[in-house]
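Next up, some structures in structure tokens.
In the two complexes that follow, chain A is the common piece, with chain B as its partner first and chain C second.
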Partner chain A sequence: MNKEKILKKKVDMWPWAYLAPALLILGFFLVYPIINTIYLSLLDAKSEIFVGLSNYIFAFTRKPMLIAFRNNLLWLVFFTLFTVSLGLIFAVIFDRVRYESVVKSIIFLPMAISFVGAGVIWKFVYSYRPAGVAQIGVLNAILSNFKNFEPVGWLVNKGTNNFALIFVGIWIWVGFCMVILSASYKGIPKELIEASRVDGANEMQVFWRIIIPMMKPTIAVVATTMIINVLKVFDIVYVMTNGQFDTEVIANRMYKEMFQFHNFGRASAIAVILLLVIIPMMIVNVRRFRRQERS
Partner chain B sequence: MKKIFIVFMVAVFAVSMMLAGTGCGEEAAAEEAAPGAVTVIGTWGGDELTSFQEAVFPFTEDTGIGMAFEGTRDLAAVLTTRVQAGNPPDIAILPNPGQMYELAEDDALVDISEFMDMNELNSNYAEAWLDLASYDDTLYGIFYKVANKSLIWYNPSAFSAGGYEVPADWDELIALSDKIVSDGGTPWAIGFESEAASGWPATDWIEDIMLRTAGPDVYDKWVNHEIPWTEEAVKEAWEVFGEIVLNEDYQYGGTTGTLTTNFGDAAAPLFTDPPGAYMHRQASFVTGFFPEGLEVGKDYDFFPFPSIDPEYGVPVLGGADLIVMLNDTPEAREFMKYLATAEPQEIWAASGGGFISPNKVVSIDAYPDELTKKMAEMVVNAEVFRFDASDLMPAAVGSGSFWTGALDFVGGTDLDTVLSEIEDSALDSY
Partner chain C sequence: MNKKRLNFFPRFLLHFVIIVVSVVWITPSLGLFISSFRTRDMVISSGWWAVFGRVFDFSQFTLDNYTQVITASGMGRAFINSLMITIPSTIITVVVAAFAAYAFARMEFPGRQILFVLVVGLLVVPIQMTLIPILRIYNTLGLAGTFHGIWLAHAGYGLPLGIFLLRNFFSALPRDIFESAFLDGASYHTAFFRLALPLSVPVLASLVIFQFLWVWNDLLVALIYLGGTEQVAPVTLRLSSLVNSMGQNWHLLTAAAFVSMILPLIVFFSLQRYFVRGILAGSVKG
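Moving on to the complex of A and B:
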């Protein structure tokens, strides 16, 4: 009896023994930094004096921060919308052509370029030269073929610059969305689509009533991944404008507060806000994975 | 708490270095100084470092004291870490006095007046230089390498072809700009883009103007935020700045051109035929960015940024590297004493590269060409020399809202909005 109890206890310890290294590493590299960041966000710039919520008040009231929030929202809407919808359209359309793999490779290729590299490349594309001089930026060079051409400062014009940056993000990520969605599209039983056609559905109906519902779980996963991605957007903005001319985003502001202004309190507060915004998305993702595992 | 975090990060770094194998072993060994040597840390690299090493060479020959130089672009972070870890280098070369004040406050610096010949220093340096190198009336360093920022570059051939003359004051400068416009040309080539540091060239303009419209005393108050950004004197300087940068006809490519052009490329239109622009305001180092094959005096030359209010004359705005001591060793003392003599500075001056010493023992003849001589004379004889204000302000202002504000102002945001936003950030940064 007693022996059995001890044995049982021993056995109960085993899972913990296996988990211990992972828990230890996670605790040290994830849980501890998070708790420390929250703690630092309540202190002043030099982490010496307790300042309560004033770093958070800064984050939600100051104009540079409000601009950053606005821009993150712009990114969230346009980036997610275009990467997912274009990815879906490409996946479905290119499935029907003979040179599918070539086209898909080309669209996927930007994924292989680092964000910093992409930023540098697109900075050249958006480059500005005065009217009358040879345009070295591809975009202005193309436009210069039209009549009444005025070169545009894509990255300094406050009407165009945010969209110019978002476009770079879409260019990089649309290939990723396409590949995942394409795999899911190819997983739809062909009999189902054929059956609907036999029943008299036209192509639009097939797309909206069969393909979309069948792909819904994958679309949701891709969309949430893109949202998490876009909330953390940093590299493109840092390289191309560094947040000047109203293109600031939350992550770039955090970097500035931390590494340029040495304001640990504010940088930590912004990090915590970013974390809180991303957590709901993570929960949605984790729940979906669990459901998929069960089924 | 932060200290623990830093120590932790260093530990992580050390472990990862060990895991990375021997790749960095050689570098680390090179930094370790032999006994009887001084360890020096600074941002210098490339030609600058070679020239500095040449300048130190006679010292090593005479005394047997060697120098182990550690170069880093991220001086502030490396130095902070080493000081906190109790392992500072003997000597540090700081790019601006701001960091010296921080180190002095942490008692990390050695009072050099204890062993340097103060009579000599007092006669060799203008008072302004010694004041700038002091904190709480204690002298902690010597200024070594000065950059002269109050320069307007022009192309003498293009000037004479157009019949233009070097202006003597601001009104003449504006008159000249108008004349160039009416002749169908563009007076100014300007570039404020500098990747993640975009905006700094604009702040240099404003600082130069501020020194000339408000004078050095108001300038100092402005730097220390003893007057708000919305003050009339500050506003006036920005308005004068606006006379040039808000005038689309004055700038090569208009305001969009100014905002999108990298500072290094900005001067290029001066050297095309016909010239795309005629004048370019930038510090002495800009010659390094000029196209190759240009001739000093014929293709390019400079005139001092002219006086605006005659009361304040022609002050010099600039930057300067300063040498401070963190460990009080006999070798480091000898090293500092040697650096303050004429020999190393004249060796460096002769090697070119735009080295200008604020030290009067350095003979003007030591500089290799007329252009550098002119710049050096401007610095040594300047009645008023002021440090680049944005380098002295807290980073959140000096390399944050001031840059952003200057760019927004050029982009068309109205002045009151710009200034009140900078003031907002200044209020909680000092």
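Moving on to the complex of A and C:
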């Protein structure tokens, strides 16, 4: 023990040598830009004149922004709800069949595909052609078997397009949730589940009274991760609709302000808003980490 | 036990539900894959499922779409660019993260706790917060549109997760082996290179796969720092501009998309175990 202490004294500067590259990169690519972006959000389009909060007023009052906020809320609710609950259901029901690993791979597969690739895959699924011509999109082709069929422009129709996009996100991310939840589910002592069955609990009761409470901490982790993901959603929307037909989201709007309109003040303000909505999740993460360290 | 308890009907229902779910999940990708081998006329005139009507008629399939997207549409070039971007980005991230993680896990220095909490906080910072300041610096330094610039940017965005993952692994390694190494006169460096790193090969593999897939599949970072020039654009960027320019040319778009996905799919199928392990270790556990 003594020797270890002496060694530690001698190598006092070494920790910093080990840390230096990481701290430099993190400082340059994350810490400095965060501070700078907050400052830029208070300046005008060309970052020359101080304009106070007017970029934020823009963000909270203009119609395209309000639509983006509404859509992010839709994403937040439906994406999080379905990824987590489907992930949980898949984890539990797949556990009961012998070909579990095969179906898990199938559900997990989209995680390997880029959002751009997924965008192309689903644009094809959603593609539509006028009535009377052969439908080459799977979805419309299935519907064309029904009576009174009218082809649906899934990505154009304002009633369906946001949900069509959200489903692509769900298709990609359910596998991620399933993998984590499945590991947690398999960690529940089987005797516990057996015992409650012997005591006369039916499958539903076992699910709601034993499985869900036991998995609560993991469900919370997965839900937090999904919320952080969904608030930043960009690629899917950028590739599939680019925010047209009322499908705009915050991150895509930020990109447009930056690259199309060259309004760096507004773009920065939108980025700051994105950070502000994510901060609660950050606090949750840090707290959870601290608790974990103590135990 | 529980399998025996379920009688025939729920059991049948269970299989039915699972198979329906699997079919729903696999069909979109299957459609893409099949369409990429069909001729233009075929793709326009009938749905891709029509091939099931005459599976053994190989004359209906063609490789022309691939030849065309790889050469004329620039997907071949983009594939090379993606490799040029992804491999160095991954190496830089993992190496830098390993050193820092070791310092956080096994060395004593003032501010260790608070610095690490900062790293955990940085895990969730939206990339959007960093784009404008860095792009400006890149424009001044002439790093915009270069591979060097994007390597470092990806390292910056990948480091928090990398450090987090490896630090947790390093600190979970048994104390005794380090103490006995120190008693035998090993320095911190020897302990790092001879003990910590060899013991962490599985978690290093997870991190490599993670970072590789993340960088390969990234669109936003490439879009901002590389711009649209074909000399440097990776597959994601090229594919997304093809989506705009090709419109309804599905025979080409599907082939281009498959070119962009082939490598991640190979990595995924051959190394799924490590990928899953990385995901499990990366989620802040409850």
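A few remarks follow.
The criterion applied here is as follows: the second predicted complex is superposed on the first by the 269 of 295 C-alpha atoms of A that agree within 3 Å, B and C clash if a C-alpha of one lies under 4 Å from a C-alpha of the other, contacts with A are read in each partner's own complex, and residues count from 1 in each chain.
Convention: contacts are C-beta pairs under 8 Å (C-beta built on N, C-alpha and C of every residue); 3 or more make two chains touch, one makes a residue touch a chain.
Computed from a prediction, not measured in an experiment: that's the story for all the values here.
Legend: residue contacts after superposition of the two complexes on their common chain; A:Phe245 is shown touching chain B, with no touch to chain C. By the touch criterion stated above, A:Leu40 is placed in contact with chain B and with chain C alike. In the superposed model, more residues of chain A are touched by C than by the other of chain B and chain C. Looking at the shared chain after the overlay, A:Ile113 reaches chain C, while chain B stays out of its contact range. Within the superposed three-chain model, A:Ala141 lies in touch with chain C and out of touch with chain B [touch as defined at top].
When the two complexes are overlaid on their common chain A, residue A:Val103 makes contact with chain C while staying clear of chain B.
Of the two partner chains, chain C is the only one that A:Lys232 touches; chain B does not reach it. When the shared chain is aligned, chain C comes close enough to touch A:Leu275, but chain B does not.
Look at A:Leu19: by the touch rule set out above, it reaches chain C but stays clear of chain B. With both structures placed on the common chain, the touch criterion links A:Pro130 to chain B but leaves chain C unconnected. Counting contacts by the rule stated earlier, residues 36, 40, 127, 238-239, 264 of chain A appear in both its interface with chain B and its interface with chain C. On chain C, the positions that touch chain A within their shared complex are 1-3, 5, 14-15, 17-18, 21-22, 25-29, 31-32, 35, 43-49, 96-97, 99-100, 102-104, 107-109, 112, 115, 117, 119-134, 152-153, 155-157, 159-160, 163, 179, 182-183, 187-189, 213, 216-220, 223-224, 235-236, 239-240, 243, 248, 250, 253-254, 256-257, 260-261, 264-265, 267-269, 272, 275-276, 279-280, 283-286. Chain A meets chain B in the complex at residues 36, 39-40, 46-47, 58, 62-64, 127-130, 133, 151, 153, 155-158, 238-239, 241-245, 256-257, 260-264. Of all the residues in chain B, the ones that touch chain A in their complex are 1-2, 5, 195-199, 252-254, 256-257, 259-260, 276, 394-396, 399-401, 403-404, 407-408, 411, 421, 424, 428-429.
Residue ranges on chain A touching chain C, taken from their complex, read 1, 3-4, 7-8, 11-12, 14-16, 18-19, 21-23, 25-26, 28-34, 36-37, 40, 90, 93-94, 96-97, 103, 105-117, 119-125, 127, 134-138, 141, 171, 176, 179-180, 183, 193-194, 197, 216-218, 220-222, 224-225, 228, 231-232, 234-235, 238-239, 251, 254-255, 258-259, 264, 267-268, 270-272, 274-275, 278, 281-282, 285-286, 288-290, 292.
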